[in-house]
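Once you scroll down, you'll see the structures, which are given as structure tokens.
Shared between the two complexes below is chain A, which pairs with chain B and chain C, respectively.
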Partner chain A sequence: MKRHEKARNFKQVNTSVTKIDALQLALGKDSYVADFVPNDALIIKMLWSPHAHARIKKLDVSKAEKMPGVKAVLWYGNVPRIAHCTAGQGFPEPSPYDTFMFDKKVRFVGDRVAAVAAETEEQALAALEVIKVEYELLKPVFTLDEAMAPGAPVIHDEAEAHVPIPIPYEPKKNLVAHVACEAGSFEAGLKQADFKFDHTYETPYAQHCPIEPYTSLAQIAPSGRIHITTSTQVPFHCRRIVAKTLDVPVQKIRVVKPRIGGGFGCKQEILLDDVTAMFALRTGRACLWQFNREETFRTGRTRHPFRIRLQAGVKKDGTITAINMEAINNTGAYGGHGLTVVSCAGSKVLPLYHCENIKFDGKSYYTNLPVAGAYRGFGATQAFFAMESLMDQMAEAIGMDPMKFRQINHIREGEGSPIFAALGEGREGTPMTVGSNALAECIVQGAEAIKWQDRKDWRGKTGRYRRGMGMACLMQGSSIPDIDMGAASIKINDDGSFNLLVGATDLGTGSDTVLAQIAAEELETATDKMIVYSSDTDLTPFDVGAYASSTTYLSGEAVRKAAADAKRQILHTGAEMLGLPVEQVRCEDSAVISADDKHRVTYGDIAKYSLYQKNQYQIIGTASHITKKSPPPFAAHFAEIEVDTWTGFIKVLNYVSTIDCGTAVNPQLAEGQTEGGTLNGISYALTEEYLFDRDGKMQNASFADYHIYSMRDRPPLNIILVPSYEDTGPFGAKSVSEVSINGAAPVFANALYNATGARVREFPLTPERVLKAIKAAEKK
Partner chain B sequence: MTTTTHTVTFTINGEKKTFATRPDEKLLTLLRREGYRGTKYGCGQGTCGACTVLLDGRATYACLLYAMQAEGRKVRTIESVGTFDKPGEFQKELVAAGAVQCGYCIPGMVMSATALMETEEVFEDEIVKEYMDGNLCRCTGYEKIWVALRKTLDKQASAKPAAKKTAKGAKK
Partner chain C sequence: MKLSEFIRPATLAEARKALRALGPKGMPLAGGTALHFMQGKTPVTAVDVTRLGLSYIRQKGNYFVIGAATPLSDIQRYRGPRWAMHEICRRISTHQIRNVSTIGGNIARVFPWADLPVVLLAMDARLVIYSGKEKEMTADEYFSAQPARLFRGGDLLTAVKIPVLKAHHGFGSVKVTRNAAAFSLATVAALLELKDGVIKAARVAAGSAIPFPQRLKPVEAALVGKEAVTAVFKEAAAAAGAAAKWVGGEGMSADYIRQLAEVSILDALERAAEFARGRAE
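Take a look at the complex of A and B:
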């Protein structure tokens, strides 16, 4: 039996069950944070820093406090000063504690100065107008070169800034994180090469742009506890970080995530909840804070801009003899993800191709620009642009088809990479060999769909409109091994339905549905028997949350184990009811059946018996899971584009996005993840970027000026799920959500070269940038 | 709370109602305050379409319109389109196609599609895109939304007699 054929006999898994909340959402029923706000809630508004780098000399809120409708004002003078990290990560975080609820220093345009809670939004805004602030302007730092320069202004000069674990952090040099490793010898490897390369690539600031902005509602429950309803990907981290920042016990806080309107990583951040909770404590009232779109762009999290220098050597036969990646990124004013993102640039990219001599050096620096956070693809997106661009150049140098060059070099089933062991998150990584890997098949199917055999060299192409094809191979991970934990519990009800309680966080991905399918498969029942309740710190078991492509693989296995636990109890009671030894019964189709098929009791009967009739107890299964591996999903992307050499405009004629995500628990949802990730990647590659004025203020803070793709922009997209089976995942599954965003930038860069001979090492590929590259190529 | 001296009267989902308001209140804020919370806030800038409602049958951004501008007009929100027992045709197809991910954009999409279906007689792709272009989605890549919409429109077109091929009232 071929590996992927193991998935053949599943009944609930590998089936496109209807997403359980789809109709509720399509009808517009109350679902999101803002739908649960009492009409008398106070409205919070923030005074944001207009300066990129300044010290607050004087801050006077006395007039604001007396304004009509104002119930409270928060500023550094009246809140606890506790250094913390806003990133929702494992604890202790591999990240600097460099943030305060409010500080005397502002570090980017859009940093917090003071907040008002008032009866109406208009009153809150009016109160902001009368807050008096005197700033002492400091020299800002806007570029990596400025941040790294000797004697550069120090962005975090506060005494409290520190990382809670022993890893490199030098705020006096604006250095947020530094990781380095070497396997084999880069220098020695380079000497064996017939061709050597040394290029530098730049990637832009970009944003997630969920349609629901960040929203947080805090209320004081009748018990006096703080009840936070928030658009978060990390409810348990939210509870921990808010408790720390407010200096209140974790026990006093409940965090609930209702449905949320998209996240893509930006809601892995505790950006609002400390303030809403503090206002609720101060006023005893329900307090709502919702970012508007401009605030979401300026203060919300972004994708880390990277500068990546890649050096490599290749032999004429296609052997890659040496790779050196030097990745430097800009974390903006705070460093929450500085270490992890740069680690992922190496760890999710360098293992893809065979090479015995790999060196990696990654650094993150502070600047006085907007703060970068977790964004789908997380470091891999940026590094794949460099790696996959260089792969094409290496192939051209040795005169090999770039697809064939990738085919002879990519990692196979059963192979490891020294990088897996060398690069972890704040510590060494976890050695791993790749289990499931259908990349070879992804390439074959993708090439066929795009008609790769028709690809022609750019040198023969003439005329205004020139067509080109490009490709890229990609991988990601599934969870952070030995660090992430997910847990679940599952209990039976009178009628044989089940409550599935998970800490895992569905941010629109459909994970509640996927986890219900996994539970139903294990329990031999139907997915619609599952009542899923997720992400409530009072009621559901712990889960680190939705990030690092972990939910299906990690939380899914916790669910499977919890369901297996419940199933053991069901078998026990079913056997008791049938008067048979437990070895002589089995579960099938929501019933316990005797081995001879003659006797059966349904789950409803078993539940009623166990709850009401004899030897009563609650059938309830519970389990936790940590992972020992982070199996990569693999993908091969292909595109054909048409370049207008007069205007520089790129038209995407066809885009093929293949993916190996192991067993697709829900193929329709897996396709949806792949379609969404791919189009987001296309939009990022072609149009999306932050534009700043000379004072560091983001200039295009609206969807009118920061364009994300619309239905009209959407090019022909061909999604191909290529099956495989990951033995360590629930029913063969691994992750699906992130990897697809990594492809478009290198695919288009390679296609542009194939069309015109112009090689770009930065994007987005706006007409201006493309035209400049074409002109530069023509001069050569 | 501030005292309100202004009112606005309009037909909401077929029912004529009078609401207290202020001259600077947006229609979106009024609707959500009055319980029509299926209409979402996404940008407040008239660019994302999450707040799309129908104003006299035309798709309109409720975040840009002042509530008092709706005086005497007919407003329709997502609440008028379907229920759990009887979802609208497009809503049914969206669910079947797996087109609802986070779902935040979906009510707006449904309203724009409603305007399309109730205004146009032929549903060529270009006309459809014209109507739907003002509704942004970040989750789906629009693939499954498109599939669901095309299915809905094709069904409706085959149920109707053939008509002339012109776009009547695409959203400005």
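Take a look at the complex of A and C:
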């Protein structure tokens, strides 16, 4: 049996069981934060900064406090001033502590000024209108060049701004982070090259656009503790950060995550909960704060825009002799994730192709624009646009088919990369070799599906509509090795059902279902015997949360280990009941069975025996897991497009998205993740755009004006799961959720070039930008 | 826009009376989809106009008569001889919106991005207004400025009359959007009357890319009397630059939008000519 065929023998894993919360959600049962709001909850509204950069000279809330229905007003004058980081990352965070609940300075249009909690939304809004603010306007910084310029306005001039771990941070220069490494010698490598390249690429802002906006509800429990129900990817980070920001003990806070209507990274930040918790403390009432769509765009987190300079050298035979990537991101007004996102631009991209001389330099700068954070793809999306665009150019220079050029250069099973060890998240990385890799097969199957063999150089055509084909190869990671931890516990009930408690956070991804399948597989029972509860800081074990493509790989292995622990106890009690040594029994089909198959006791019998009858104890397994590797999922994307050379519009005729995610624990959910990520990437490449006015205010903060794809825009999309088997993951699984977003932008850029000879180095590929590029190419 | 009260009159006369009495504090309401875009903090009383028998499509003599409260989804589904309205209607917004948004609502208050005024201008439609009795006016007159001026005193738009296209008449429309549900970057509609391959009459209108929907008279002038061929259409489309004030949007320049409109005019004319020749019926 080939290694990847191992998954065929599984009974619960590698099966598309129905999502365990599907019926509940389809029937519209109370599931989301807003479903649990008591009728008498106070409504919170925030006065947002209309200025990109200003000092608050005077702030008078006295009138607002006296307005009808108003129960409390928060502003910098009446809350603790504690520098913290809103990003839910490891602890201590590799990000600056540069944020305060409220501050005397505002740093972007949409920054907090003052908040009101009132009986009704109308009353809260009316109170905001009578808050008097006098601003001293400061010169704003809107571009990377402005941020880096000597003598640039300092966005974080407060004394408290600092980093909690020793990493480069120079707020006086607006520098949020700097990371650099070199393997081999770039200069020496470049000298060996027959062809040399030096190009600069720009990638744009974007918002995650979850259907459910940011929502947080805080209540004071009868015990006096603060009970926060919130739409979050990181309940445990939320508890820690709220405790710090409010200066209350962690013990006083409980955070519950119900069902979540999408996160994609933007809910990896604590943007509401400090305020809802503070209002609950001040008023003793339930307090609800929900962003509207405009607030989600302006104040919610976004994707870091990047400027990437990529230099490379290639020999005529296709050997890549040197790569130098200089990546700079704009992290906006606050620095959470600035370092890690720029690090991942290198660490998740540069290992993909063989090269002995690689240099990387990553920087992150503040600007007075919306704040960037974690977003599916996390730096890799931006850097793959540069890398995969340049791969096509290198192939063209040496006269090689771009697919073949990738095939001879991509990393293979058993191989490592110096970049794995050199670039970590806030510290050095972890050396590793690639254990599972079906990229070669992804390329073959994808090429067949798109009919790559029919691709020609169509640049000489002259008709209005021109076709082009492009491709890209991609990778990501699965969890953050040696940093992230997931834990699970699992206990048996009277009837042989199990409570599976996980801190892992299902955002709508289906991870509760996937984790139930993993537990059921290990326990030799059925997935529908699992009652999954996630996540509640009082009741479930710790988990860092849903990010870094970690839930299936990291939390999944914790679940498998916890299930193995419970299984050991089940076997012990089953053997005792059968009067046999434990070596002579096995678990199968929800029962313990003697080796000769003659005697069996069901899990229900075992549970009742162990709970009520003899030598009573609770069968409960628990386990934690950290990873030593971050096995990359691999993908090859292909597309055929039609370009209207008179208008610049691009029509996607066919898109093939292949993926190697190891064992697909639930193939249908894995396909769903892949299709969602791919469409997300297509939308980012073609239509999504942050449009700013001269004062740094986003102009298109609604779904009417910010063009995210709906299902009606979905082009023909062919998802191909290519199996491999990752030995270090639960039942061969690695991650699936992020990698697919990385493909569309470079694939379309390459296809546009194939169709017209126009090479674009920035996107979104708006019709005007495409038309301009086509006209420029025609002039040549 | 905030609503303080909701009145449901049973007849047209009652609706007019209520609106007359309310004055600026009243507002006729059909699908309600425009409320989102209307500023104004003073709450108004909504007068429901969806139960006045104004939802229908009938062919009457030389016209298709569409009741003002007919939802766009009904127009999208309707089929009649040489009927062309479904094409544009199926492109407007989303199913959910089209199920409630009405033809009357789409044109009683003209938003810059509205598509139907463009189509109705090109089609030489007639508008029926109730002011105690019914009166008709041409689309040219109706869309010469914001129609609000016509509804003072509680008067209501009751129907839209679209001429049934004759043989040798052809209609074509183009709506350019960034994605399926987005507002138009440019909307163009063209009506051509051909005789022996020569353009006898032409009506071409545009919207979305200009401040207010209008006919493009220089484009029309460049067509009449000439052969219905691509070269002529191209030349006519090139006259669009001078025919209207093109405005940029969605991050794109006015110059690009003008180029886009020119291509859209060409496409609409090609479609109209094809329709007239009988292929696209």
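Here, the second predicted complex is superposed on the first by the 778 of 780 C-alpha atoms of A that agree within 3 Å, B and C clash if a C-alpha of one lies under 4 Å from a C-alpha of the other, contacts with A are read in each partner's own complex, and residues count from 1 in each chain.
In this section, a contact is a pair of C-beta atoms (placed from the backbone, for glycine too) under 8 Å apart; a residue touches a chain by one contact, two chains touch by 3 or more.
Computed from a predicted structure; not experimentally measured.
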First (chain B), second (chain C), both or neither touched by A:190: neither
Touching partner for A:213 - first (chain B), second (chain C), both, neither: first
Contacts of A:312 with chain B and chain C, given as first, second, both or neither: neither
Partner chain in contact with A:243 - chain B first, chain C second, else both or neither: neither
First, second, both or neither for A:700, with chain B first and chain C second: second
Contacts of A:175 with chain B and chain C, given as first, second, both or neither: neither
Contacts of A:720 with chain B and chain C, given as first, second, both or neither: neither
Of chain B and chain C, the chain that contacts the larger number of chain A residues: B
First, second, both or neither for A:390, with chain B first and chain C second: neither
Which of chain B and chain C A:675 touches, first, second, both or neither: first
Footprint overlap on chain A, where chain B in one structure and chain C in the other make contact: 704, 708-710, 712
Complex contact set, residues of chain C against chain A: 94, 176, 178-183, 250-253, 256, 259-260, 263
Chain C contact footprint on chain A (complex, rising order): 646-647, 649, 683, 687, 689, 691, 700, 704-705, 707-710, 712-713, 766-768, 771
Residue ranges of chain B touching chain A (in the complex, touch as defined): 1-2, 24, 32-33, 37-45, 47-48, 50, 77-79, 81-84, 87, 91, 94-107, 110, 129-130, 132-146
Of all residues in chain A, those that touch chain B in their complex: 16, 18-19, 21-32, 34-35, 39-40, 69, 119-120, 122-123, 208-213, 259-264, 290, 292-294, 507-510, 668-669, 671-672, 675-680, 702-704, 708-712, 714, 717, 719
